[in-house]
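In the two assemblies presented below, chain A is common to both, partnered first by chain B and then by chain C.
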Partner chain A sequence: MAETHKPPETFKLRVRRYDPESGEAPYWDEHTIELEPHRSVLEGILQAKAKHDGSIGIRCSCRAAICGSCGVRINGEPGLACHTHLDHARESAKDGVIEIEPMGNMPVIKDLIVDMDAVHWKKVQRVTPWLIAKQPVPEREYIVPKESMVDITQSMACIQCGACVSDCLAMEVDPGFVGPAALAKAYRFVGDPRDDQQDIRLKDLAEDPQGIYDCTHCFKCVEACPKGVNPMGQIMRLRRIAGSDQHIVDRNNGERHEAALTTLIRDYGLLHEAEIIPRSYGGNSWFGKFHPAAGKELLSSLPTVIKGILRRKVNPKIAIFGHKIPKQDLAAVQAIYDKVESRPQRYELNLYVTGYDEDDEPVPAGVGAGTDTGAASAIATQEPDGPSGAPTTGEGSAA
Partner chain B sequence: MPAHDVLIIGAGLAGQRAALAAAQEGASVAILSKVHPVRSHSVAAAGGINAAIAVADDWRSHAYDTVKGSDFLGDQDAIEIMCSEAPHEVMHLEHIGVTFHRNERGELDLRAFGGASMKRTAYVADITGQAILHVLYEQLMKHHETVDRYEEWFVTSLVQDEQGSCCGVVARDVRSGRMETFHAKNTILACGGAGQVYSPTTNALIVTGDGIAQAYRIGAPLMDMEMVQYHPTTLVENGLLITEGARGEGAVLLNSEGERFMEKYAPNKMELASRDVVSRAEQTEILEGRGVGADGSGIWLDITKVPRKRTLEALREIVNIGKDFAGVDITREPIMIRPGQHYIMGGVKTDADGATPIEGLYAAGEVACVSVHGGNRLGANSLLDTLIFGRRAGEHAARRAQSIPMPEAADARLREDVAEIDAILARERNGGPTRPRRVSEIKAELGAMMNQHVAVYRDEAGLQQAHEIVGRLKEEAKSAYVDDRGTVFNQDVLGALELGYMLDCAEATVLGAIERKESRGAQFRTDYPERNDEQWLKHIDISLNGDGPQVSYSPVTITQWQPEERKY
Partner chain C sequence: MKVAYWPGCVSRGFTPELHGSMARVAPLLDIELVELDRANCSGCGVIAEHNQELADTLNARTFALAQQVQGAELMMNICSTCQGAQGECQERLDANAEYRAHVNETLAGEGLTYEKGLTNKNFLWLLVEEIGLQELRSKVRRPLTNLRVGPFYGCYIVRPRERLGIDREHPRDHYLEQVIDALGGTVIEYAGMRKCCGFPIVTMNKQASLTQAGRHLGDAVDADADCLVTPCPLCHLNLDLQQPAAETTVGRELNMPVLHLPQLVGLALGLEPKELGLQRHVVRPTSVIDWSTSVVGAAA
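This part shows the complex of A and B:
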C-alpha cells in the first residue's frame, strides 16, 4: 500500500525570485517548510507563502495536475509543482535543497510566473487550433471509428501547461520553431476524422521551415509532459502521415531527408554518411548527387570533408562505398523493415492510455489477432500472425 | 474605457458558452477571467455530460431523475428546459469538435452515472470537462474578432447606476495592477461556486465565491445556499476528486468488513444512488465504526472489478491520481476515499434565462441557482447546466442589448475599490490591541470549521456555533494583513479580497442551514431528520439590505411531478 502516512519532515526550498518593480536582478530565496514527504512541491511553496512570505508569485489552482497552471522547473527539470513529491524532489536536488525556477523559453513576469501568451499561446494559435468540420454536418453525431477518438484523446489530454515548451531544445536554438505543444495540438485535428483539412494542415506544417521537420527528436518534451501526451510522438506521426501517406515533399528537404535515411539504413545496415546529404537535397537515389541542389550543398561542405580526411576522421573508402556489415546482420536489419511494413496499419503508441507502467504482465502471444481493438489501445487491428505482434505496453489482457 | 453589449465574468464552461452564444447573436462581447480561461475549474470535471440522446431514451425520464435527485426542491420548468435542450446541445458540442468517445458502431458512447434510470452520460475518457472547455476555447480563438478576451483580470465589484441596475464592473489587470471600469449593457456572472469555504474540498484554489458575494453585496438574492454537496469519493490524502465515472464503470464501495454496504441504504441503485444518499451512507458507516484507514475515517473504493484495459482507456486520469497522489495502482488494489465538499447547489437566484432580479445582471453555471439541482445535483448534470444556461443567458442578454443604450458607469466604484486595496496594503502586522492575523490563517480556520459544523450531518448547536465563528472571522478579516505591497501580479492582496467573498458565502450558507428546519437533499439535520413537504417545500432566499442579511422564501415550481418518497 501507499507510503503516504509518514510524519511531516523538514524540507528546504530555494525559490527563484524576480521583482520587476525593484529594478534589481533575479535572486534566490530560501525557505524551510514542514510537510509529509509525499506532499507536493506546490504545497511546500504555498506553505512558505502562507507562513513566511505571501509575495512569492506562482500560478496555481487545482492542485491535481489538471489545470496546467503550475508549470515550473524543479531542480532544473520542467514539470508541474503540484505533481512533484517533496521527497522525490529532494532526492534529485544537488545539495538537498529543492530548487524551483520559472519555466524556460518564455519571458519571466515575476518570480515563477512566465508570459505564456508571448510564446506558448502564440504558437498554438499558429496551427489553426479549431475543428474545420467535414461537410455536410450530420444532424446527430459523426459516425467515426471508436479507436480514432481514443487515439486523439492523447492529444486532447494536453493541459497546456508549457512544460514541453519550457525545455524544448530546438526552440532554445530556434525560437521560431512551432514547438511541441502546438504540434501536438495540430495532431489532434489531423487525427480527427471529422476534420476537413488534414492535407492542408500537413502541407502547411511540412513546408514551414520551423514546422514539423524542425524538431531534433531529442525526447525532452516526452520526458517533461506530465500527462503522457508524448508531443514528440505526435510530431513524428505528423511526419509519417505527411511523408508516407500524403507524399508531401517539402521545400526544407525534411521528407527527402527521412526517406534517404530510412532507405540507406535498409540498404547498408548503417548510415552511409556520404550519401545522406546528396539524397536529402537531390532526391532519394544514387543519382541524387547529380542534382544541382545537391551539388551546391556538397560543394559548401567540401572544406569540412577535406578537414575530416586530413585529420583521419573520414576514411575515403568508406565514404565512397559505405560501411560493409556481415550478411546476416544486414538481413536482420532488413527483417525489421519487412516486419513493420507488412502490417496493414501502423502501430501507434498511446502513452496517455497505457502510461509508463513498470511491472507489467507480459502480453500473451497472439493477443491482438482478430480481437476488437487488440492490445493496449493500438490503432493496428488484426495482427496477421506470430509471436506477440504488439510491443509490451503494459497490457495485461482481460481477453 | 471598454464598453460592450454583453460582459461575461468567468471563463469556465458557462462563461465561454455564453460568450459564443452572445457573439452568435451579433452582440459585442467581452469575457473576463481572473485566470487564463483553460485554468477555470470546469477543466477538472471528469465523468461526463447527461443527455437523452439514445433513441430509446426520453428527456422526460432524464427530467424526472433530476427532479427526484433534487429531492423535489428543483424548479421543474427549468429542469424541463434543461433536459429537453440537452440532446441538441450535446450534438452542437460534437459538431464543434468535442472528442466524445464512441461505441462499437461509431456513435456517441453513453455510460451509467448516479441517479440515472438509464445510461445517458456522454464522455471523453475521464476528462470530459477538460475536453469541452478546451474545445470552447478553440472556438474563442477562432472568433477572436468578435469576442474580446481579458485574461487574468480580477473583478473587484459590480457597478450599479442610480436605478440600481447593473451597468458594468470594476476590474484589476493582475499583471500590471491597473484598475479599470468596464461598461456593459448586460453583465453575466459565470464565476463558479465557493468550495474553498470548506477544507478539504475537491475545488481549486480559485473557487472562492467571488461572483456570489459580489452579487449579494449589490442586493441580489442568494437561493438555497445551505445545499452543499459532499461528493462520496474524494481522496483521504488531500480531498481530490475520484470521479463518479468509476462507479459508473462498475467500481464498488466496501467498508472495513469488506461488505458492499450500499445494499442497506439504496438496494436498487447501490453505488449509483444520488450523491447525498451515498455520502450519508458512507458517513454513517464511518461514524458507526466500520470505516477503514489508520483513524477509521475512510471507505474502500474498489475499481479492480473493472477490466484493466477499460480502466486504462476510460478512467486514465484516476489511474494517474491514484498513482501520483496516493501511491496506489487502482487497477490492482482498492483506494481509500471519504465524502468531501464538492459543489454548491445554491447561488445567485435566476430565472430560466439566467436573469437575476437585478436589471442588467445575469448569472449562469455553479454561481447561479435556477434551480435545476434543488437539494442535490446529479452527476454529469453540472456540465449540462453550465452549457444550457450559459447559452440561454448569452442569447437573452444579447437580445436585450439590442433595445437599450450603453449605460454610463460612474467612476465612484473604481475609486472606492482602489482605496480598499490601498487600505489592505497599508495594514500593519502589529497594529492594534489584538494581534492581526494572516489571511491564510483565517481561511484555514474557516475551512476546518465549516467541514465540522456545516457538513454531511448538521444540528442546531453546531450551526449556531458556526454562525458565531463566521461573525468573529469577518471581524478579524478586517485587519488581516498581507506581505506583498507591489502592483505586478500581487496575488496576496487578491487573496485578502477573496477571503471577504468566502466569508459572505459562508454566512449565507450557515443562515440557510439554520433556517431550514428539515432534512432534504444535501441538508441533513439530526435534530430534524425527516423531510417536511408541508412546511418546507420552498426555496430559502437570503438578501442583503441596509440592516444585514434578510431571509425570505420563494415557491418551488411544480409542473408534472408531485413530491414522493425518495428511495434508491
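This part shows the complex of A and C:
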C-alpha cells in the first residue's frame, strides 16, 4: 500500500453553506486543508471545521461506509464523504477545487445536513419495512434454505444513506414517488420466503400511482449507490413478479404496457408503435384499442397523432400494419418465446450474486473482445409462479 | 469501414428521418452499413423486466446475426436505448460461460451461436473512436458556425458508466460536446442534458413524463440553445413529437427543435435539411434556425 506513505498535500474544498433559519441565501465557502491524498473527503471537511470554521454542518458517525450518515454530493455526484478519497475527488473536480453540496430531493437543515426524516425515512415507512411472518410462527427461529435468501442479499446491503434518493430523476418531478431506496427495501421483504404478505405488498405498490410503475428507468440510483444495491434492478424485480407472475392488472397501465410490448415483439419481431399505446391503456390484444380507456387516451393525444401524420413522421402504412421481420425469422423469434416462457423455472442471472467468470474483468459492452475462460458460476433461478418460489441455485453450479 | 448495422424499431417506424439520415450520412463517412434486417427488437428493457432470459436470448440472436456479417468490424447502433438494453444483456452473456451456453442452446434451433466479446457501438462512439474527431473535422463542408447546440444524451447511453465502458480514456458521456465542437457548432450546457426525457413512463404517469421533457427543453431555452441533438429516438419522441403537450404540461412556450445525431452530422457534411428529413419534425428546425445565417458557408 504505497499510497498510505504519500506525504500530506494541500486540497481546496468548496462547501455549500445554508442556514434556513438565518433568512440568508445559500452561498459557497472555500477552505484549504492539508491531508494525505488517500484520506477521505469527510476527513477534509472535519479538518476545515476544526481549523477554520466550527459552524460547518455535517452529519457523520462510523467513517467506514457502514452507517450511511455522511451522504453528500461531491462534484455534483452523490456519495459517502467517508468513502471518497481526496485525490480521486480532486481528479473529478472541474477546476481542481472539490465541490461539496448537500444531497438533492431533500430539504436542507443546515449546510450539508439534509432532512432524511421528511423524505427518505417517510418513504421507507411507506413500504411496511418489516417482516410479516407466515403463521404459525415457529417456536424458535425460522429455518429457510440458504439459497432462498441469496437473491435478497443485494437489497439487504443497503445502508440507508439516501444517495439514490438524492439523485432520483422521477422524484425530481414527482416528489411523491416512493423512490429507489424504499422500493429496494420493499423487495427485501417481497423476496423473503418467510413473509406472508407478498401479494398484498405487490398489489399495493403496483396500484399506487407513485409506486413501482413511476420509476423512469434512468439508472441514476444504480450509479449513485455506494453499496451496489442496484435499486432500479430491485424495482424491475418487483414489476416482474407483480406483472408476469401475479398478473396484477394495475390502474397505472404498468402490467398492460409490459404485456403489450412483450406480445407485440412476439407477433411482429419489431415494435408496432401504433399498437403499443392503445394496448397499454386498453388491454393487451388487437381489440385493446377499442377499450374506452384507450379511446380516452387517443382523444387526448389526437393533436399529437394528427401532427405526426401530417409531418409524415408517422408512415400511415407502418402505423396501421406495423413493420415485421421476414417470416422465417419471426418463426425463430416465436420459437425462442415458446422455449423460454415454457420453462418450469425462470432463469435469472444476478451478477451481484454470481460474479463474473474467473479472471474476467467485467467486459463493458462494445469495448474489445475477451477470451473465454470456460469457468462457470451459479445461475440463480426463480419459480415462475410468484415470490413464494424462492430463488435457488441453478442447474449445475459447476466451477 | 463495414459495420453490422442495427437501426432499431423506432428509427424505421415513428422517427423514419433517423434511419433515413443515417443512410445518407454513412457514405460520406466511408461507413458501409450492412443492415441487420432479420434481427428483432431489443426489448428496450421492458422485455427484460418481463423475463430476463427472454431478453438475453432475443438479443443474443441479434449479436449472433451481427457476428455472421462477413468483414464487419463491429456492430453499430443508432438508438441509445437499444445500446443500453443490449449492453445489459451482453454483460450477463459475457460474464458467465454456463449461462451463455444455456442461451446458445435455444439459438441452436436456428443454427446461430453467440460468441463472447462482440463489439457493439453507438454511432456516437463510432464517430469519435473509429472515425476520429480530426477526420470528422476534415470532412465538414458547412461548419455549424454560430449554431448553439445543446446535447441530450438519454439515460441508456450514459448510465451505468462501468457497463457502458465510460472512463477516463473513453469519456463517452462527453462525446456529443466533442462532436458538436468538431462540426463547428457551439456547445450549450444546460441542467437536463444527461437527465431522463420521461419517455419510459409516458403511458404510466404522463404528467411526470411530460414534466421531465418540458423542464429539460425549458432549461435549454433558458441557456439560449438554438436546438438540441440526441442519439436516442425515444428521447426524440418525448422531446419533439410530444413537445406541444409538454408545453401545456409545464405551462411555457418552448419551440425547441431536436435533431437526431446523424442529421446534425449530415448538415455539417453538406447535406440539405430536406434530404435529412428535418421537415418531418413536429418542431421544425427551419422555423427557429435560419440556415442561411446561422450556418455559415454554403455546402461545398
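By definition in this document, the second predicted complex is superposed on the first by the 318 of 399 C-alpha atoms of A that agree within 3 Å, B and C clash if a C-alpha of one lies under 4 Å from a C-alpha of the other, contacts with A are read in each partner's own complex, and residues count from 1 in each chain.
Just so it is clear, a residue touches a chain if its C-beta (ideal position, glycine included) is under 8 Å from a C-beta of that chain, and two chains touch if they have at least 3 such contacts.
Just so you know, these numbers come straight off a predicted model, no measurement behind them.
Trainee: I'd like to know which partner A:H247 touches here: chain B for first, chain C for second, both or neither.
Mentor: neither
Trainee: Now for A:K317: first (chain B), second (chain C), both, or neither, which partner does it touch?
Mentor: neither
Trainee: One more residue to check, A:T354. First (chain B), second (chain C), both or neither?
Mentor: In the superposition, A:T354 touches chain B and chain C alike.
Trainee: Applying the document's definition of touching, compare chain B and chain C: which contacts more of chain A?
Mentor: C
Trainee: Have a look at where A:V333 lands relative to chain B and chain C in the superposition and call it first, second, both or neither.
Mentor: second
Trainee: In the overlaid three-chain picture, which partner chain does A:K94 touch, first (chain B) or second (chain C), both, or neither?
Mentor: A:K94 contacts neither chain B nor chain C.
Trainee: Using the touch definition from the top, say if A:A157 reaches chain B (first), chain C (second), both or neither.
Mentor: In the superposition, A:A157 touches chain B alone.
Trainee: Once the shared chain is lined up, is A:I113 touching chain B (first), chain C (second), both, or neither of them?
Mentor: First partner only, chain B.
Trainee: Residues of chain A that sit at the chain B interface in one complex and at the chain C interface in the other, please.
Mentor: Comparing the two interfaces on chain A, one with chain B and one with chain C, the shared residues are 354-355, 372, 377, 396, 398.
Trainee: In the complex, go through chain A and note every residue touching chain C.
Mentor: Residues 169-170, 172-174, 177, 209-210, 213-220, 222-223, 236, 239-240, 243-244, 252-254, 257-259, 261-262, 265, 269-273, 276-277, 280-281, 301, 303-304, 307-308, 311-315, 318, 322-323, 325-326, 329, 332-333, 335-337, 339-341, 343, 346-349, 351, 354-357, 360, 362-377, 379, 396, 398.
Trainee: Touching residues of chain B toward chain A in the complex: what are they?
Mentor: Chain B residues touching chain A: 35-36, 38-41, 43-44, 53, 91, 94-97, 99-109, 124-125, 127, 130-131, 134-135, 138-139, 141-142, 151, 175, 204-206, 237-238, 240-241, 294, 307-310, 312-313, 316-317, 319-321, 324-328, 333, 438-441, 444, 482-492, 495.
Trainee: Name, in rising order, each residue of chain C that touches chain A in their complex.
Mentor: Contacts found on chain C: 9-10, 12-17, 37-41, 43-54, 56-58, 61, 74, 83-84, 86-88, 90-92, 94-99, 102, 106-107, 109-110, 116-122, 125, 155-156, 159-165, 170, 195-196, 198, 200-201, 203-205, 207-209, 211-212, 215, 241-242, 244-245, 279-282.
Trainee: Quick one: which bits of chain A touch chain B in the complex? Just the residue numbers, please.
Mentor: Going through chain A, the ones touching chain B are 1-5, 19-21, 38-39, 49-51, 53-55, 57, 59-69, 83, 109-111, 113, 116-117, 124-125, 129-131, 133, 137, 139-146, 148-150, 152-153, 156-157, 159-160, 188, 192, 194-195, 227-228, 352-355, 372, 377, 395-398.
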